[in-house]
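Each structure below is given as C-alpha cells.
Across the two complexes that follow, chain A remains constant while its partner is chain B and subsequently chain C.
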Partner chain A sequence: MTAAATLAAPVPAPRRNRQRLIESLAGSGFALPAFFLLLLTNLVPLAALLYLSFTNYELGALDTRFLGLDNFHKALGDPVFRRSLYNTFAYVAMVIPGAVGLGLLIAVLLHRRKRTRSIYEVIYFLPVTSTLIAMATVWQFILHPALGPVNAALRALGFGEIAFLSEPAYVLPTLAAIGIWQLVGFNMVLFLAGLSAIPRDLYEAAEIDGCRSGIDRFLTITWPLLGPTTMFVIVTTSITAFKVFDTVAVMTRGGPMGASEVLLYAIYLEGYQYFHMGYAAALTLIFLAFVLLFSILQTFVLERRVHY
Partner chain B sequence: MASVELQSIGKSFGGTPVLSGIDLAVADGEFLTLVGASGCGKSTLIRIIAGLEPQSAGSVRIGGASVDHLRPHERHVAMVFQSYALYPHMRVFANMALPLTMTRLNLFERLPLLRLLSPRRRGVMAGISQQVHAVARQLQIESLLDRRPSQLSGGQRQRVALGRAMVREPAVFLMDEPLSNLDAKLRVHMRSELAELHARLGVTFIYVTHDQVEAMTMSDRVAMMDSGTILQLGKPDDLYARPANVKVAQFIGTPAINLLPARVGAAGTVELFGADLPIRVRRPAGTTLTLGIRPQAVTPATTGTAHTGLCALDGRLRRSENLGAEHILHVDLAAPATGALTGVMAGDPEALVDDARRLALLFAPSACHVFDTEGARIDDVEAVPSAPTRMARAL
Partner chain C sequence: MATAMPMQDSARPITTGSSLLRRMFTLFAVHTVLICGAVFILLPFVWMVVTSLKSPSEIFTVDFSLWPKHFNAVENYGRALTKVPLLRFALNGFIVCAGILIVQVLVAVPCAYALAKLRFPGRNALFALVLLGLCIPVQVPALPLYMALASLGLLNTYFAIMMPFFLSVFAIFLFRQFFKSYPDEIIQAARLDGMSEFEIVWRIVVPSSWPAIAAFSVFSVVAHWNDLYWPLIVINDMNLATPPLGMLFFADSETGSNYGSLTAAATVITAPLVLAFLIARRRFIEGITMTGIK
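This part shows the complex of A and B:
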C-alpha cells in the first residue's frame, strides 16, 4: 500500500523532464546499432545505385557525366532489355503455377502419412539445400542431346531427340522446370505447416455435413483455409523466380539467340561484362521496382482477402 | 427420428482398450447423456455413433438398421462439437447451408463460375435459403447470417453450430460437450434452451459431458461411464438416490458425497469407527465397506445432541462456505473417527459451534449408501432396531 502510494505521487516537473530525456536517449541508443546497419547495408547502397543510374559511369572510367533519366529512356527502347523482361515474366508465369501447384499437391499427399512422411520430406527438400550452380551441371548432363538419359529415354520410346537447352522454343520451359524442381520442396514445407494448422474438427464436421470425397474436402476446407499460406507461397515464389540467374548463367548464357536472356542476366552483362555501370544501375532499379510491386501486392491487396 | 442401439461396442487404440462391451439402447426422442471424467471413453463412443471413428467390435444401429457400413453423412446424424467447428471462411448463412448444399447440389454446381451454368441451381438455393432462414429465426440468429464466425461471441457461435445441425433435420443429434467453452452464466442459460429445443424437436439427443449438473438437469436418462464401460444407466434421480457404484456416487451430486471407511461387525452390522450402526448387511464379518453419506443428509447440531434413530459424529468445524441460501461445512472428525465430513445447512454454522469450534453431525442410518470392497452398491441393507448410537461417546 505504502509503496504504491509513493509510486503514484506526482513527480516534480524538472525531474520528469529529465526522466523523459533519459528514456528517449536510452531508446535511441538501443535503436542506433540497428539503424546504422540498415543505413550501411541498405540505404547507402540504394542511394549510390540511384545516383549511378543517373550517370554514364563505367567501371574504370576517369570522368562521369550526369545523364538524368536518359538511362531509363534507353532501357525502355532497348530490345535486349525488353526481351529479357519478357523472358523473365514468361519464366515467372511458368514457375508459379508449377512450383505452387506441385508443392501443394505433394504437401496434401504427405500430410496424412505417418511413418513415411519424414523420408519424403527429406527427398523433396533436397533440391532446396543443394547448390543450384552445382546441380545445373547435373541437369546439363541429364538433358544433354547425345549423352543424357532423358534423350536416351525419348529415343527408346520412339520420340525424336529434343535439344532442351539449344532450341529457342524449349530453353525457357526447360529452365522453368529446373526452377520448379528447385522450389517445390520449400513450398511443400510451407504448405505442410499450413495444413497442420487446420483444425481436425473442421474435417470431421465437413464429413458429417456431407463432404463425401477428397475433392469435396479439399474444396470446402483445405483450399480456403490454406489461403494465407498460398498467398505467401505465391509471393515468395514469384520473387525467387523473378531473380532467376544461376541456371541461365551456367547453362545457357542467355542463349540460344537470347531466348533465355532474363533480367538479372541482362543486368549482369551490362554491369560486369560491358562495364556500363550507370546503365546497369538503372536496370537494377527497374528490377527492384518489380520486386517491390510483388511485395506491395501481398501486403495490401491480397492479404485482406485471405484472412478471416 | 430414430432410436439408437449399441451392441457390445468395443474400441482399442493400438492395443489399448478404451471401450469394452458397451450395450446401450436409446429410445426414439430420448435425451440421453453420457457422463464421466475425461478419458472415460464417452467422446470416443459418440464419435463411433457418428461414424467418425470405426469401432473395433460390436455394431451400431440407428432406426433399427445397422449403420456400420455407412459414412457419417449417410447415417442421418448431426453433431455439435465442443469447438463448434464452424467453417471460418464462410459466413453464417453458408455455414448453416452447407449440409444442404452438399446433398442437393452436385460437385459442378458448387464450383465457382461453373455453377452459373446450372439451370436448376437457383431454385435449389432458394429452397435452401428458406430452410436456413426458418432455422435461424427459431434460434434468433437471423440478424447474424451475414457475419463471419470470427465476428460472433461464444454463445452466438454455439447457436450457429446448433443451427447447422438442425437445418438438415437429422434423426439423431450428437453433442460432444457443446457447452464447455461457454462462460458459467451462458452455460446455465443454454442448458435450459437445449432442453427446450429437445422438447420442441422431439428428436433423439445423445449428449456427452463431464459436467454432472448438465447431465442431471437435461437428460431423460444418464449413462455414467468409467474406464470404457457404463457403470450405471438410469434416470437422473436413480443415479443420485441409488448410485450403483461408489464412483457414480462420487461423481453425481454437489458437494461430493462423503465416503467413510467401514467394515462388517461380528453381528453382521455395519461398524463405523468402532461403533455399530443399526444397519445390517449379509456379508461375512470383517469385510471392508465404504459408507456414502450425502452432505445434504447430514444435519449439524450442537455437540452432545442426540436424536432417536440418528447417528452422531463429533468434529471440529474447519471451514464453512457461505452460498447465501445455504452453508457448506467442512468438518474434521474427532477421534476415534478419522477424516473429514462435509455437510450442508441452511443457517449459519457459527451459531452451533462451541468455543473449541466443535459440533455434532447427525445422520440417519437409512440415508447411508453402503458399498462393498469392489465399490458396488449393497442393496440388501436391513435396519436393526436399537437405541441411538453415539460413536464418539461409545468409546
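This part shows the complex of A and C:
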C-alpha cells in the first residue's frame, strides 16, 4: 500500500510540500516590488484623488473644507468644463471616421501589394513614431495664413486664405485632421493584421460564386469578417482621441475663444496652473469614468472577438 | 462537352484582354489613392527638413518654393543648438527613457513570472489589480503624485519624471502572457538541478523571452521619449527638459519668429526615433501596435 502510494506520486510528499513553500515564498517575493509600486503609483493616488474631489483643497491654502459632491455640481454648471467636454467629444467624433476609415482603406489597398507594401507601410507609420510636439510645431507653420504652403496653394487655386487655427469654426476640425494624420498608420497596421487572418480560399470561393469586383468581395467577405477588428480599432481610436492634449498645448492653448478647449487641457489648467486641486480631482474622476466606459466597451468587444 | 469546349476557348482571350485592362486600371487607381495619402503623411516631414535649410528671407517671402535657393542650414541648426540646450534635451530624453525602461523590466519580469508560473497567496487578486491598472491612464494619478512630489521637494528632478512609470502594468500583462507558454518541464528540470527561482527567471526564462522584451522596450521608449503631459507638470528647469518639453520651451522663446531654427530643432528632436524606426522597421511596428493587438 505504501509502496503503491510512492509509485503513484513520483515526488515524495515532504519534498512536494517544500516545493509549495518555496513557490509561495518566491512568488510573493517576486510580486512584492511590483505590488508596492502599484500601491504607490496607482492605488494610493486613486484614493487620494477620490478624497480630494470632495474638498476645496488648493495648493498652499490654509483652510480646506469638505464639500461633498459640490465639485461635481460645479463641474456640471461650469461653462468652461462643459465646453471642453463638448469639444472633446466633437474631436473624437471627427477623428474616428477619418482615422478608422482611412486606416481601413489603406490596409485593404496595401494588403495585396507585394513589392510596394513595405515602402508605403514605412511612410504611413512614420507619424506614429515621430514626436508629436515637434510635428505640431511644423503643422502650425504649414497652416500659417501668410507663410504656410497650404494657404499658398489655396491662393494659387483662387480660393481665399483660411485661418485654420485662429478661426473658431475651423480650429477643431484642423486639430482633428492632425490627429487623423497621426493615427492612420497605427490603425492601418491593426487592420493589416486583421486582414491576414482572413483565409484566402474564402475569396476564391466567392469569386466562383460570382463575386467578381473588388467592392463585391469587400462587402461580402472582408467587411463582415473584419467586423471585430473594426470595432476594436474604433474603441482604441476613441480612447486615444479622448486623451488629446499635445496638439492643443502647442498649437492653440484652448483658443481661439475656447473653441479648442479639451478635457485634459482643462484639467491641466485647473490642477497645475490655477492649483484648484479639489476641483481638478473631480474633473479627473469624470475623465476616468469616460476612459473606464471605453475600456469596458473594449473588453466587451474582445469578448465578442473570442466567440466569433 | 464538344460544344462547350470551343465556346470557352473563344471566350477566354476576350476576358483576359479586358481583365488585363481592368487590372491595369485598378492598379493605377490603387496607387493614386496610396500616393495621395502618402503625400499628406509626408508633407510635414518634407516641409520641416526643407525649411530647416532655408534662410529667413526665403521663409518669409510669399512666393512659394519647395527647394531652398540659398542654404542656411549651418545658421539654423547652429541657432537651434546654441539658443536652447538641444543636445541636453536629447541626453535628458535618453536618461529618462533608459531609467524608466530598466526599472520597468526589473520590476515587471519577476512579477510576471510569479503570476505565470508560481502558486502564491493573493495571485489572482494581484492579477485583477494589474488588469484594472491597464485601464487607468497616467493623467489620473498625476494630481496626487504631483502634490506628493511637491511636498517632498522632488519637483525638477529626473526621479520626478520617471517615478510614475516605474511600474508598467502593461509590461507585467505582456510578459505574463509570454512566460505562460514557456515549458514547465524545463523549469522543473532546472529546479531539480538546484537552481533557485531567482536564477531560473534571469538565466533561463528571460534569455528566451527576448522578442517580448524587445517589443516592450520599443513601446516604452517611444511612449516616454514623446510624452509631454507629465514632464510639463513636474519640470520647469530647462536643463532637465525632455525633448518634447524642450521643443515647447524653444517654440515659446522664439514666438514663431524664426521658423528656420524652429524646424531645425524639430528635425533634431524627431530624428533619433525616426532613424531607429527606419533601421528596425519590423520591431517598431510590432512594439508600438502591441497595445492594440494584445
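Before moving on, here are some points about what is shown:
To be clear about the criterion, the second predicted complex is superposed on the first by the 265 of 308 C-alpha atoms of A that agree within 3 Å, B and C clash if a C-alpha of one lies under 4 Å from a C-alpha of the other, contacts with A are read in each partner's own complex, and residues count from 1 in each chain.
By definition in this document, contacts are C-beta pairs under 8 Å (C-beta built on N, C-alpha and C of every residue); 3 or more make two chains touch, one makes a residue touch a chain.
As the structure is a computational prediction, the values presented were derived from the model and not from experiment.
By the touch criterion stated above, A:Pro224 is placed in contact with chain B alone, chain C being left untouched. By the touch criterion defined above, A:Ala152 lies against chain C but remains apart from chain B after alignment on the C-alpha atoms of chain A. More residues of chain A are in touch with C than with the other of chain B and chain C. Once chain A of one complex is fitted onto chain A of the other, the partner contacts of A:Ala205 are limited to chain B, with no touch recorded for chain C. When the two complexes are overlaid on their common chain A, residue A:Ala34 makes contact with chain C while staying clear of chain B.
For chain A in complex with chain C, the touching residues are 19-20, 22-31, 33-35, 37-38, 40-46, 48-49, 52, 59, 102, 105-106, 109-110, 113, 116, 118, 120-135, 137-142, 146-147, 149, 152-153, 156, 181, 184-186, 189-190, 193, 214, 232-233, 236, 243, 245-246, 249-250, 264, 267-268, 271-272, 277, 280-281, 284, 287-288, 291-292, 295, 302. Chain B contributes residues 50-52, 71-73, 77-79, 81, 83, 85-90, 98-99, 102-103, 107, 110-111, 148-150, 164, 168 to its touches with chain A in the complex.
If you check the complex, the residues on chain C that touch chain A are 26, 30-31, 33-34, 37-38, 40-45, 47-48, 51, 59-60, 62, 64, 107-108, 110-111, 113-115, 118-123, 126, 129-130, 133-137, 139-148, 150, 163-164, 166-167, 169, 172, 191, 196-198, 201, 222, 225-226, 228-229, 232-233, 243-245, 247-248, 251, 256, 259, 262-263, 265-267, 269-270, 273-274, 276-278, 281, 284-285, 288-289, 291-294. Chain A meets chain B in the complex at residues 199, 201-202, 204-212, 215-216, 219-221, 224-225, 227, 308.
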